[in-house]
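In order of appearance the chains are A, B, C, D, E and F, and numbering begins at 1 in each one.
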């Protein structure tokens, strides 16, 4: 443990060096304020706060309530610590590697290391760049946190801290650059309005790979300790997702409105669709089913929110309630991998679904940047498949390497006894409830 | 003195308690237990996977009584806790060596 | 159950037909963007998200925490499922029946079925119409969900699903049209800023009728299983209510500011007033009392928020802490109906109170659209009484018919044994806590 | 109890007199609307709602989850009741005493008692004054509520109600006027962007004084009953703090952006810094540590958020994770006062830290209103020390007097038996959980 | 061997445990129970309606001891658990046929 | 008839239950208890202050059996609950005066 702590401090101190090197020049530039729009700015501050809320406490509650009682806090800690670590690293170097000047389509340049040159008056289109930076930060944070759902109830907390640093750096940053930072997938014309590929496929595939490397838990069953937390988490995720999707318009305009209505529709339809699928399949409509369906719908609409029309969002919602259901209820048990909370089964599957359907349903009447198969552009579907495929392959490979490195360095799995008595006690020395 | 230990369905607890009260029993101790018996449990389904929950919630009533009224206590419990369905529960009778009231130090039947 | 599922799917498929029929024309119209205001738009996206949050997880927590442990999830599922179902139906036909061209003061026309003709550039005053549509959607959803408070711990979940569809269609839509869609009550001059009549009287009366039809629970006592959820829910409701009331200005302006300050004042004063009433009546100020008072105050100020001045909001708050208290603590036990969570006792009573007091305290200096008795216009009070009366009578009648239909079709009440063991297990096969 | 209730009602009725006296003139003035900005207005409505959320349910959850099971509701009730009482008193007289015309640098004038003269069209810079009034209200409320953390598990609820009224009136109002209302500390040039001095030092010192007067609890240990509530509360506090700090720009502009990014950075860094400090000190990184660190970071950045650059926020964050940690883990046990939930240890210490560091790191490139030691203005540091010192001395003295008065009047501490069985039962006749 | 079963006020649990520890008892089992007795319960009020809560939280300590020290154990429990108020609880003494330590298979007094 | 009371580690509960089931025991009652013994507890740390948690979660199984099969029951429990580490728990054997099945009124061994 000590070895780990010291190493981490060294890394952090090292990184902080940049901060203070750059300190004098920070915010010295960009004194003019050409076109700030207070309405867009107002919306984007709020959208940022909303996406922050998705990770903390949104995802922490959603995942924590699904965990066993004895692992609840550890599960929450994974989201909590990740949000904090990514917050720092994103400013330190994440932002520049994604949104800095494009280097051969692969990564952003180092120009804005520690936000060098970004000042209080810098703008990103019509809003202060500081706000854009934090908005994007919240996406990076939740992407990493999502993957934790597949690893809980057996992963060392120190290993998770390392995973956060390495995976955010070597997987999230390049992929986000490719799609959103002007990288090669962007140039190819891949559509990803709010992160189907960058966030959900990415996190979902990492989840699957990690689950395979970690192996099965001793008690590999989903037996939620507190479903009231799950409902609360689902509600906060839905609420926050308005910021995620409608915020991805980066303005308070009609496109944000379209993303808003599509997001709500797909989530609602997917929840109903999952509920009825389950009702017919196992004879009971569960509350966990409603929550899972809603999340699957939100995931699937994410890449499409600012491209499709309402009919598109309905179809996406219906499918998002069915495919992920069977992927977790039928396929997972058959294949036998232990994706504890279905991070792959829901985010990976629904994310891929959404990315593909965006290539089909993108309606130029909503957003002329996107024209799908149904509107006469079959090439878009191919592009979507390429973007998803590239991401899946890259993420799978690098995630595997990262896990191997961490395994060698600190180990990835807690001792059997600690797994049985629960990670809350062994990793944190706490217990969730003393009721 | 005897200790009567009755495992009953939780929703019958209040009725049994009131009936025992009515026949002059003014002390008992109750705990929540999980029962396993002929009555089969129920199924919980999470994301399409079913789990059988074998253990059913039951209430355990412990009441210490003088030998003289033991039959009345038993018949009262049976009368109130019975639904006629599987899972109604069991009554166990133990003999007790002694009882002491902590507050006063009284021993034996006086302490009940 | 199967019969029910199949029928529901048929209905949904049928309705979806409209969607795809209309798909090509969606968003083809309204290409000009005359007067979008980004500030108003920013506010209204957020207001929409806030009202969404009120139902999920706000109301789900408030009601779920008040339910018995064994019925907690079912109670939460009622709000959850309703939000999803209404989300779909509102877009399918709800919006057009409320806000479509008025047909004889009674209902909106079918012009905007499945938002036909509403595009990314369509505006509703200064904001994108898409946003206005979703904002209004959230009101429809919470109105239905509110009524569930009177039905919990004994109603079949399938019956509740049907109730949602039928009641939203045959009660909410016409009433909302009458008051907000240019219907006959609007023409009469009835004042209802954010839904005292449309939302609270409406839901409250439905709750009472349903409670009477359903009959008493076996354990007809309010014994909250988790008051921390109730406090959380009350807090989120209060927070969301700023969107509900200040959002009803449909702009970021002084009127929204007035609604904001009135809302906070009435909620706070009602919480204090309930607390002191209780303190004197039963010798203890309870946390549930604070929460109940706050909600009662929020309900009562709803119709008045954009009409009254601060003194008005104080009076409304004081009375909202007293009348509903006695209605639930004294009158309900006497009359003996089993309104499980006081949906009528709080929403019905405080909603009526607010509707009437709006007719008294509406101050033209706040909003020249409303002038109450105190400012020399006794006619307004009469109008308010008529609007409330019409709504009460209509809702009571149609709700009764709906319950009779559902009773005939699927039955409305669970078996006695299921009621005793709890609806979570019998209706959903889950349990809320495994702690 | 009765005596207390009657007295309170008399006080409230008396105060209400103002309301109705002023009723006719309310909102008659300020008919012109020179420069409302809808974007700023949109942001400030939301910021207000966010800060409201911090108290209810944010702080209620954070504190409630840390309390023992048997005292959970009482702890939540303290925040809840305080928010309501302050809401009323702020409008009644709080606003005018802080923001009314300055009287000799010490207090605001009575001009706006019960918002006399403030109408729907009144502006405060670019937003409706009503919104500014409520925004400021939420600060007053949370300041009082914060102090409760040191008093829980032993203070009479009636005593807390009195404390709220007296302390808000005689401590918060003058201090807020001195710093924000144009009082003598403002004139001196003290920097306090969002309330390091006014809110956190103020509440922290009151907490310490109260803890000393109340004495130790019988079971003076922090044994959290429900850490899932604590994580939820911490998440909501962080989310709300964006409104607190970025809202203190009172506009949707670059300064709000700077406050946003600094806030997130300091919170994240402090959480990590606390976690690692603890990891080395006690061998376990706890979830409570993450949450405590985040809150300490948020507190420390509060006065600095709109003055420092990112490097400043990193340093503030690092220190905020270390100093408060040792203050609660090492110093408190040594000194032996019973600050139940470390309201002083976190808010007092981190608030003072932040106030001082603002004097060092204030960067004129971020905000030309503030220039710290590092940028060549050592005088600012002196000013900060003076402002903090004055506040500490004043608060300590007046808080002590208030406690003495309440002690004489109603008593401040519950009976020993009630303390042992829990305040939920004795003060409220409720219990938090029936699971 | 005897099994001593004591129903006490929960806030006395730690004291009793420490005292038993001090006289050399190094094993016991504790559970949370609800007690009903002379001590009356409290009232909870939800939205103006009062409910009497009859059952009070109590702690049940079970400790198995050799016959030789039974009196010391009882007097220790009484001393520490007594407040002198109604509701202090009861001590029940059972005789036990056998005790087995699962880890070693030891039987009888050796297993205690 | 005997009542066998076994205090075991909670994660062994399912195994023990299944094994008892396999030897023909089809009724038992389980409760969650806190154990105090040779096995020492763990430490919880809140804001830098450490607390020792002495009580460990244990499961108590109560099963009433005819005298004839008592040895088999005991050996089955030992076999399944044993890990060989401190804290494996204890088995207590009581003799019982009577058992009654509430549903039918059956008494004695027939009621088990």
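Note that a residue touches a chain if its C-beta (ideal position, glycine included) is under 8 Å from a C-beta of that chain, and two chains touch if they have at least 3 such contacts.
None of these values were measured; they are calculated from a predicted model.
Hopping across touching chains, the smallest step count from chain D to chain F is 1. Legend: contact pairs of A-F compared by residue number with D-F, D-E or A-B; the interface matching in over half of them is D-E. Looking at which positions face the partner, chain C and chain D present mostly different ones, since fewer than half of the interface numbers are shared.
Centroids of chain C and chain E (each the mean of its C-alpha atoms) stand 52 Å apart.
Rounded to whole angstrom units, the spacing between the C-alpha centres of chain B and chain E is 18. Chain C has its Cα centroid 33 Å from the Cα centroid of chain A. Touching of two or more other chains is recorded for residues 37-40, 42-43, 46, 223-224, 226, 232, 252, 282, 284, 286, 288, 429-431, 433, 435 of chain D.
The multi-chain contact residues of chain E, meaning those touching 2 or more other chains, are 31, 44-46, 94. Those chain pairs judged to touch are A-B, A-C, A-D, A-F, B-C, B-E, B-F, C-D, C-E, D-E, D-F, E-F.
The residues of chain B lying in touch with chain A in their complex are 44-51. By the touch criterion given at the top, residues 3, 17, 26-31, 64, 94, 96-103, 105, 111 of chain E touch chain F in their complex. The touching residues of chain D, when paired with chain F in their complex, are 221-224, 278, 281-282, 284, 286, 288-289, 292, 325-326, 328-330, 333, 342.
Residue ranges on chain B touching chain C, taken from their complex, read 11, 42-46. Of all the residues in chain A, the ones that touch chain F in their complex are 420-421, 425, 429-431.
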